[in-house]
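What follows is a structure written as structure tokens; I'll ask about it next.
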């Protein structure tokens, strides 16, 4: 008779502490980052100039900020490929109404509002109609950029002088976009790591059905995330406009690849439920180091495309392996 | 349900009706839209997209997606172009097997990453989109293959015709569609593609070799993109490392989604996709005739995709069965 | 019929299977003969389906070998099984909803090269013929999507028939079928046997086994406890072998003080799933909900809990009419629901145990904005102690625990919400006997504590032992309400088995 | 220490830049400068920015650039000039933002392009009949400038009184769109006699449409094109003549000018002149604009084989 109260094996033994700490995707990112810095400094003497690195980072800061929010979206089990197009459309709308005589502060609100509306449309299609987010946002990616093209044609629209130059604003010797990125990372890191909202993002991404059964309002959470995505994209679009002094419909073209890449490189699990803001934060720096490293070393842009593509594939393979190993 | 009612409810009927209405509406404003010549224009706009859409349809039916087809088109076209340029002594028709074979290999790489590492196709092909485009730049040293190197006989395929003044590439494209239809409906593996997409969990239990089916659809998608690459060289007479095939994937996905292929897998017909391609062709041909600037085209594509998705969803919600009403679904 | 002398077709030798370190089959050896119908019997979770799946190549055994016609075979996957002439009718019908019925019939048995032509005309003709044999009128060109579970099961059966398999495994094929369909199935099964093929028949219905099967094999807790000719065993013997002890050994719930009505539903309807469901549960009461698989019990529970709300009907909680649009609202009203499908709707596999336990009480772990880990830990530690959950550390992913301990963690999650009404859907499915006993104790305690409990279970002894009242559902309707005194297995089954229209009593 | 000169193209894979780069390379070789060509993968407005930043970081002396945007580069070009880098726009200018570069080097005086193109198409159609323009994008600054010139010439010169401009359409410098626009022109204007396509993509697409429909006799296609792309059309008679300039000389001149400005031998002042080997005396025009040649080069069956770009 097997009437003992213990089953054959009640629980697998826990993994040793060092494994828990070291075998995780963010660690991979950190190591790659250190390797990147070392390799970069070997390639070119200009590379260890922190001012230059910071300056280069301002070029990616907008994408990086979006990537932070995208991390939350992916952890919640969804994806959004439309943010770069959203950036372009909200920036074009902003510049367009501004050029048509709308006062600057109001124009900024129009831009931000447009971003939110685009996020809301994504969310409504994904959550309301239950169409997979991947295909919805491929559709809206084309639509948003197309609308930007209708609004701006292919001329560039100037933004007023007073709005230009966010990247030249220095706070304690650090460009403002970099500060904003770090602040956003801090806020989102706290949100994801220490609040109920963050916890419920993980619950929804790990098992949406179970989350609903446990009383988590999954639809609301995902809707909020799509709205956040829309808002941060609009902010990023306006920041880009300020940095460039003008906007065109092709602003941020192809940025979705970089944003997804930052999240993936940071160890966010493409199937949802896992990932950290810290990972994406590190990955953003890694990506900047890699790309500026290649540009400074005059590596052909062709190689950069190859490297980005390979990085994306390798990073999701690595993340998948690490997660399947630590999960029995 | 009687025969004619089910015919009316079919997706293909809906698209066909849309095409007719659209053409009549445009024709009312611009009568020259309803001429044989504009049919020729529309047909000439479609071959590349049609060929790409046949491969993409199979991939999507199997519940995956291939975003790298534009880059495969570019890379294969470039390899063929380099053969024309640097090895002009090689008979030019060999470019066909070269490009198609290379495309199949590139597609197999996608498929292998998807099946072996169990990665989502969307991310894999986003990665290879970038990778293959980069390779195109590298092998070509970022140089365009000019018109003068592309064999005249190849270029002539887009102009000369075996019958009725319809150029060769249109025959090839519709031939591919016919083959795809035969493959999808009348071969074992073709039906297995639909079965896999319809229920991926059940597929291995029913003895379907999931790896083989997945590799096959990605290889077909790649091979057809390779064929499209050659046809690009034929149609436009040059191959450019950065433009050739750029954005191809979006046009193709638009056509496939409009053609009624469900992104949830398992559903899709060749006639539907052919009609979807034709509808897009009609739109593209009508815009300049109506004097609408080309800058609106992308937004129209996007809107049409989304509308198709919403309609598809509505239809599905109507026909929802017991099973899908379960909480987990 | 005497099949005892027939040659052996397939013999299983020392088959064992582990899932995630838990052994669900141990050293099963069994000979299956040609031309016999062989029943597999056993409690839920005894390992019948697992054994069938191993033979059909769905699972691979952890240990042991299979010998087919005297040759050792490695049935690595369903394709190999098919080639060897083995077909499994799955317990839950699996189908390709977008393909036609005819294609569903042939998929998996049609051999040939990948590019071989699909002979549509012949396929359709054969499909019609096979369906005709089964006496069902389904248009074979229509897609599977939208067929009832019973029809899907008939297609599954037809598929097995149409294949030339030597060995056909039927895992609870009769569960969703009407008696007439069952009779047809039996006729066909007998014909297959007479053709010299082997049929394995899994069922929980003893009378079916008696009517059909030549021999029975009885499983208990993953072991084979007996293989005998059917005629050699009396029902009482079979039950004793199945559960390992006489029935009355189940602990009966102690009588508790029954209080006010805690949950009352009236006229709950969701077309296609259930209609006109009315009942009430009082504080301190355990009400059972019995029925065959697919009777609609889970759907009713999901409707009450707001997962898939009913379209008509009303719900009252503690005497007040309420609207429950989603589970969050249900929780706020003091309802709790332990779902039947733990993996799909219960656990967050990759998250730590403590987070799993506190998932439904966000307010308690984060009174203001931030999660207080110390509070969370304390709650989890207490829950682990109270339910005696066995684990290594609280930070362990819950997926690493055994099924029973996962289930306890889910129960503890709901206890933290201090529920007034607790709905348990198959709470002991896939849980071993020891843990089951603990569960029964907990349920008794909770009732004694004044909570109302609705217990959905397919294990009649469990219901009989624990419930004050038993409701029975059949095909989406409530067909009986039996007070404890009148509840017997026979009475419940009578109400649970679907009836043909017009024949119903 | 040799001068470090970099040229930043619009994007890689653009055949036009091969020829310019050749001019840069040869001049640098002969003057002992270091030369580097870089370009982003796409021609989108902002894609050149990181490349400019990197060149500033590398400490180059001269940045030549074919700008992808008339104003998106202002900030970064300003910071380059602050570092003492000589910034030249080559083969395209930042119209409206001229203060952010030191000088621009353009192949010809763009004011004459419109006039010459009208004359060319007029000579092909006998100065009589309907003509149309197939341009690049609606906002392309150079093309728009030329189109203004064409309109003015048609209006003011009685020589062209019998020519009627019936439409101006835009093919967005994409072969597909240019083709459909050309087809639409033919459908909408059955009496069309000539088409000016002042863009390399447009003229090739227009020629191809005419070739495939066998209309070479009735509709004359001309415009600005690359000899390498147009050779076949000239040879089979689809196109009789088209125009362009020498991109090679743009690079050649840019290097000589930059070297002279930096070593003080050339004053970058409007009205100033300097000598360039093979090109003769060059004048600095208003707006610090410098041209490599006075007139457009016309290519036809007689001379097409002399050019290999």
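Which chain is which? They are A, B, C and D, in the order written, and residues in each are numbered from 1.
Please note the rule applied: a contact is a pair of C-beta atoms (placed from the backbone, for glycine too) under 8 Å apart; a residue touches a chain by one contact, two chains touch by 3 or more.
Please read these numbers as outputs of a predicted model, since none were measured by experiment.
Set side by side, A-B and B-C show the greater C-beta contact count at A-B. As a whole-number value, the distance joining the C-alpha centres of chain A and chain B reads 30 Å. Per-chain Cα centroids separate chain C from chain D by 75 Å.
Each chain gets a centre from the mean of its Cα atoms; for chain B and chain C, those two points are 44 Å apart. A straight line joining the Cα centres of chain A and chain D is 39 Å long.
Contact with two or more other chains is made by residues 307, 344-345 of chain C. Touching of two or more other chains is recorded for residues 133, 137, 142, 241, 293, 295, 297, 327-328 of chain B. For chain A, residues that reach two or more other chains under the stated contact definition are 153-154, 209, 212-213, 300-302, 304-305. Taken together, the chains touch in the following pairs: A-B, A-C, A-D, B-C, B-D.
The touching residues of chain C, counted against chain A in their complex, run 20-23, 221, 244, 305, 307, 326-328, 330-331, 337, 339, 344-351, 355, 359-360, 362, 365-366, 369-371, 390-393, 395-397, 399-402, 404-405, 413, 432-435, 437-438. Residues 65, 113, 117-120, 122-124, 126-138, 142, 241, 250, 253-254, 257, 263-264, 293, 295-303, 305-306, 309-310, 313, 327-328 of chain B touch chain A in their complex.
Here chain C touches chain B in the complex through residues 58, 77-79, 81-82, 90, 94-99, 103, 107-110, 112-118, 120, 145-146, 148-149, 272-273, 299, 302, 307-308, 341, 344-345, going by the rule given at the top.
Contact residues of chain D toward chain B in the complex are 11-15, 18, 39, 41-43, 138, 169-172, 174-177, 180-181, 183-184, 187-188, 204, 208, 211-212, 226, 228-232. The residues of chain A lying in touch with chain C in their complex are 1-14, 20, 194-196, 199-200, 202-203, 206-207, 209-217, 273-274, 323, 327-328.
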